[in-house]
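Listed below are the structures to be examined.
Same chain, two partners: chain A is paired with chain B first, then with chain C.
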Partner chain A sequence: MFEFTGRLKTLSIVLILIGAVSVGLSFFAGSSSHSDDGHAEHTEHAAHGEEHGHGEDNHHGGHVPDADEYSYHKTASRAIPENNHKYQGEGHHDEEHAHHQMENKPWANLLVNNFFFLAISLGALFFLAVQYAAQAGWTVVILRVLEAMSQFLWLPMLILLLIVLAGVGHFGGNHIWHWMAEGIMDPESANYDSIIAGKQAYLNGPFFIIRTLVYFIGWVGAAMLLRKLSKKNDMTGVDYAKNWVKTRNLSAGFLVFFAVTSSTSAWDFIMSIDTHWFSTLFGWYVFAGMFVSALTVLMLIVLYLKSKGYLEQVNKSHIQDMAKFMFAFSIFWTYLWFSQYMLIWYSNIPEEVTYYMIRFREYKGLFITMLAMNFLFPVLVLMSRDSKRNFGFILVAGITMIIGHWLDVYIMIYPGSVGVNWSIGLINIGTFLGFAGLFIFVVFRSLAKAPLMPENHPMYIESKYHHI
Partner chain B sequence: MHYEAPIRKPLIEGDKSYHDITVEVAKPVETSAPKSWWLVFSIALVAFLWGVGCILYTIGVGIGTWGLNKTVGWAWDITNFVWWVGIGHAGTLISAVLLLFRQKWRMSINRSAEAMTIFSVIQAALFPGIHMGRIWMAYFVLPIPNQFGSLWVNFNSPLLWDVFAISTYFSVSVVFWYVGLIPDFAMIRDRAVKPVQKHIYKILSFGWGGKAKHWQRFEEVSLVLAGLATPLVLSVHTIVSMDFATSVIPGWHTTIFPPYFVAGAIFSGFAMVQTLLIIVRKVFKMEQYITIQHIEMMNIIIMLTGSIVGIAYITELFIAWYSGVEYEQYAFLNRATGPYWWAYWSMMTCNVFSPQFMWFKKLRTSIIFTFIISIVVNIGMWFERFVIIVTSLHRDYLPSSWSMFSPTFVDIGIFIGTIGFFFVLFLLYARTFPVIAQAELKTILKSSGDNYKKLQAKEEHGH
Partner chain C sequence: MATESTKIVNALFDDDDVLLSGVKQVREKGYHVQEVYSPFPIHGLDKAMGLKETRIAIAAFLYGALGLTTAISMTYGMLIVDWPMNIGGKPSFTWAENMPAFVPIMFELTVFFAAHLMVWTFFFRNGIYPGCKAQNPDPRTTDDKFLMEVSATADDNQDELIATLKTAGAIEVSVNDN
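Let's look at the complex of A and B:
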């Protein structure tokens, strides 16, 4: 049995406190800058309000759509500042956007970190289900780690639900999802955007909340049920083979649900931030990043436990196989990244290419660094057999990939919500650490609740003698 | 030490020894062909010759003999090309990806699946060749220095990438297949009694002696080739999909195409492997090597890839609506409800609905049902390419140039000809090559053979 005590527990609590302070500070800083900027904005609003006869609480300010405005919405992403300059003579809309973007910063920071850790947990749940559905034998000795990782899922799901509710309720300056802006689907409104209005059947508050709840129930429910069935292996008087078949069926069912919801959730929480933009591959791309992150964190947890003298049944062959997965799925992630990027770049049509234009202009350094970290590093560091068995090499590749995939989530969320006003600083790092603390706390606590080896799993002995 | 959980079912049924495997795999090569073989071979040969005639007619008269028109400039030619390339994918997946995933059940089916890969890539390669019109200029697709000034291929064109992807794929597949065949050819050589036969297999087996060093090199080469072939499983159909997706034609330009084409290719490839192996195991009495479990596993892969393809169809449909782009929306509306609705719904029925039957264990372990579904899937996958290609083209941005496509007898003849050619090659292979990788299969006899598994269970209970 693993015991969750001492330094690790203290560390996780310290990290959670750092996270709480960071999130608190980010909102505090956001609201203070809100009132500062808000002052200037306020007078401007009032001035325009007089000019156009609009109320100052009108979300997008007093701007009457004209032919130019239409073509702006039709052909270009709102995320390109140049387009704003080009099509809005008054410069008012611009400041409104900038204001929203500043208000979005703490929310975007929260969403990036929350989604990243949600993805790790969900990726682990997916991998766990695959082990049963594919009748894999070699992974039995690490199943308990995967289960523990999947037990974290409810927490980021709950926070995500709160972020969604804040967005739908226009609470706390949450404008991350542009389609939630007031009047944007109302032809009478100054904010009207015909393209976004066309998506109303899918992108609307109630349906969005319902979908979030469906994901919540489906994913967290599957994680809990799989854990429950696995714990039967620790009891006596159970037909273990029958229990295994039952787990297999449940896993297959979950995988079907996941196949659909992994895509739709990626459209919901991330793709709809850049509301005009669309890409059929997007869901699978997000899934690939999620899976690689989960595999990497799995590896790091296993290495940590081994360094503390646990998991002695996990031998070098297991480690090499896990590293192979990190290596292979890094390439798979790159494959999907390339497929999406290359096809959009090659076709160069305005409704799609704007997505990468802002990322390549305003986020260039991050964008290229992220690619190098997620592709070059794992490929070069983990290619040889020896390095896949060397803890030092794996650690270097693993930490790089974690940061790289965090950056990937950042680059998916920030350009559409914060635009050119992005920054990476102590607040982001602190929030990351806070979520890491929560993750460690929940995952290791649930690791301590059951034996690390499901010794009555029908394939346990096969896994113990795994040798390649 | 390799230990296999007792819960796993045996992969070799019956009370087999190493010698039994040798004898039973060599039997079709050593005996003369039955009448039924000659009958099927003759039909395939006639179809093939008919196809050759149509190809010669096309080359002699020109592409005008096909049903193409100025709006639909690509139709059956590219449909058939993509269909055949797709079928090839299962062989590489079985031999390379399943090797890396250490799926032992691949061993009884990889040889024939790889043969199928090679033969179907040959069919696929025919189509771009004859589509050129002037086939004697075919070497122009290669970036070779030439005497015509600075006349180079267009490196920006996905069609050129296709040339590279498919020729690489073909070469690696052939080498992979051949390396695996060497010990098996040696086995036939050692058993051969007729001098001519012995001599031929002697040349083919490259002086294989079965020494430890030979085996060590054999395994190393297999692993390296598997590593090389795995990205090829993805890259070939990815690049085929880019023939369409790099364009700005609604219905063609969509980012999901690369992985979705790969899934579709594996889907159709496994269906073709099922079609072929269900016949092979019956005719050659190899039911104990290609067991119901093998068929079940392949059916699960068909179900999985069919569902992935189904999700991709629905994603495309949804995003077309979601995009708000009028042309994109119309392209999909036209697919489902336009004049080619029957092709779209054939595709949906065959590819998305029919594999869902495989959720039922009773159905996925039924040989007749599997055989029917495998053919249904291949029809569906042909329709998928037809739907993507023809329905996206026939109503373009200009309503004044909208038109329909109908194939001529030449289009149909060439397609039937390639089916004939494929079966001619496969039937010749089945009588001269060991259809099961017996050397590899012997390595799992003691861990996955029925008799040995029973022995193991007995020992464990004894303790």
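Let's look at the complex of A and C:
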């Protein structure tokens, strides 16, 4: 039995406090100074844009590029001539946008960190279900770690639900999801956007909340049921083979549900931030990042437990196989990232390419760094067999990939919600640490609640003698 | 000292597990297992025989690097220098700016070179390239039998070796000149 006490527990509580302070500060700073800040930033950018406009003889005529420029929001909708008369209060509209973007900062920060840790937990749940559905034997010695990781799921889901409710209810300056803006689907309003209004059947408040609840129930329910069935292995007088079949059926059912909801949830929580833009493989791209983060965190937890003398049944062959997964799915992530990027870059259609324009112009450094961390690092560091068995190499690659995929989530969420006013500072790091603390606290506490080895699992022996 | 030449002792087995433990027993007694012929790969046999770790991974990396280099020079030569291409309405005519369009070619040629050259390297190193003469001493090793070749110098006690092989489960043992 693993015991969750001492330094790790203290560390997790300290981290949670740091996180709470950071989130509190971000909202406090946002609400006290946003009016000054927003205007300062906005005018600065407007001035910058004016210079730009004159230099390039920009085709908007007298129009001044601003924070809103990249969203392709007004111009796209203006391509439909019969709507042109509806855009009059333009200056006011722009100013409001910059103001919203400043107000969005604490929410976007919360969403990035929340989604990142949600993804880790959800990826672990997916991997756990795959082990049963695929009747895999070699992973039995690490199943309890996966189960513990999936037990964290309810917490970020709950926070996500609160963020969604705040967005739909226009509470606390949450304008992350642009399609929730007031009047945007109302033809009589100055805010009207015909393209966004066309998506009303799917993107509307009540349906959004219902979908979030469906994900919540489906995912968290599956995580809890899988854990419950697995705990039966610790009891006596249970038909373990029959229990395994039950677990397998549940896992297969969950995977079907997950196949649909992993895509739709990615559209909902992330893709709908850039409401005009869409990409058909976005769901898989988000899933790939989710899965590779989960595999990396799984590896880090296993290495930690091994260094403390637990999990002695996990041998070098298990470690190498898990490292292979990290390596393979880093390439899979890159493959999907590039498939999405290249088609958009190649066809160069305005309503698609704006998504990458803001990322290349305003987030270039982060964007390139993120790609190097998520692709070059795992490929070069984890390629050889020996490095997949060396804890030092795995640790270096793993930590780089964690930071890289956090940046990936950041770059998916920030440009559409905060725009050019982005920054990465102590607040972001503090919030990350806070979620890490919550994660450590919940995961290691549930690790301590059951033996680390499900010794009555029908395939336990196979896993124990796993050798490649 | 009648002969200085080494003899090859061939031992035929009809089960891969028996063969694997036989290889371990023979090596424990200090004999040198020269080669094993089997109709299929046997898990753990390379370690039991004491073979050095394969270097095919290093070869694969070098072939992949060669493929990548070929793709880069090819796209540069053909589409930038020799016949400049207007790619996706972005006529930059520089390799770096058009790079995304070349990534599929770079990827494919890296995989192509690594995979094909690795297969040929494997064939030649193992002496199973097309047209080469079959080296297995007994054709039954292509069906359901396993054969272990043990080299025995004149100093070795051949009778003891044969007895060891028999107790290890060999169904036939024969001694051949090298």
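Basically, the second predicted complex is superposed on the first by the 410 of 468 C-alpha atoms of A that agree within 3 Å, B and C clash if a C-alpha of one lies under 4 Å from a C-alpha of the other, contacts with A are read in each partner's own complex, and residues count from 1 in each chain.
Heads up, the rule we're going with is that a contact is a pair of C-beta atoms (placed from the backbone, for glycine too) under 8 Å apart; a residue touches a chain by one contact, two chains touch by 3 or more.
Here the structure is a predicted model, which is why all the values come from computation and not from measurement.
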Query raised in the report: Should the superposition on chain A be reported as showing a clash between chain B and chain C, or a fit?
Result: clash
Query raised in the report: Is A:Trp154 touching the first partner chain B, the second partner chain C, both, or neither of them?
Result: neither
Query raised in the report: Just chain B (first), just chain C (second), both, or neither: which does A:Tyr304 touch?
Result: neither
**Report entry** Which of chain B and chain C A:Gly198 touches, first, second, both or neither
**Finding:** first
Report task. Check whether A:Phe4 is in contact with chain B, with chain C, with both or with neither, and answer first, second, both or neither. Result -> neither
Query raised in the report: Of the partners chain B and chain C, which touch A:Ala259 in the superposed model: first, second, both, neither?
Result: first
Query raised in the report: In the superposed arrangement, which partner chain does A:Ser384 touch: chain B (first), chain C (second), both, or neither?
Result: second
Report task. Have a look at where A:Tyr346 lands relative to chain B and chain C in the superposition and call it first, second, both or neither. Result -> both
Query raised in the report: Can A:Tyr465 be said to touch chain B (first), chain C (second), both, or neither?
Result: first
Query raised in the report: More residues of chain A are touched by which chain, chain B or chain C?
Result: B
Report summary line: Residue overlap on chain A between the chain B interface and the chain C interface 342, 346-347, 467
**Report entry** chain A to chain B touching residues, read off their complex
**Finding:** 135, 137, 194-195, 198-199, 202, 241, 244, 256, 259-260, 263, 267, 276, 278-284, 324, 331, 335-336, 339-340, 342-344, 346-347, 349, 351, 458-459, 461-462, 465, 467-468
Requested in this report: Spell out the part of chain C that touches chain A in their complex, as residue ranges.
Outcome: 43-44, 57, 61, 87-90, 100-101, 103-104
Query raised in the report: Of all residues in chain A, which touch chain C in the complex?
Result: 338, 341-342, 345-348, 383-385, 467
Query raised in the report: So in the complex, which bits of chain B are touching chain A?
Result: 1-8, 100, 102, 231, 234, 238, 242, 245-248, 253-259, 307-308, 311-312, 315-316, 319, 322-325
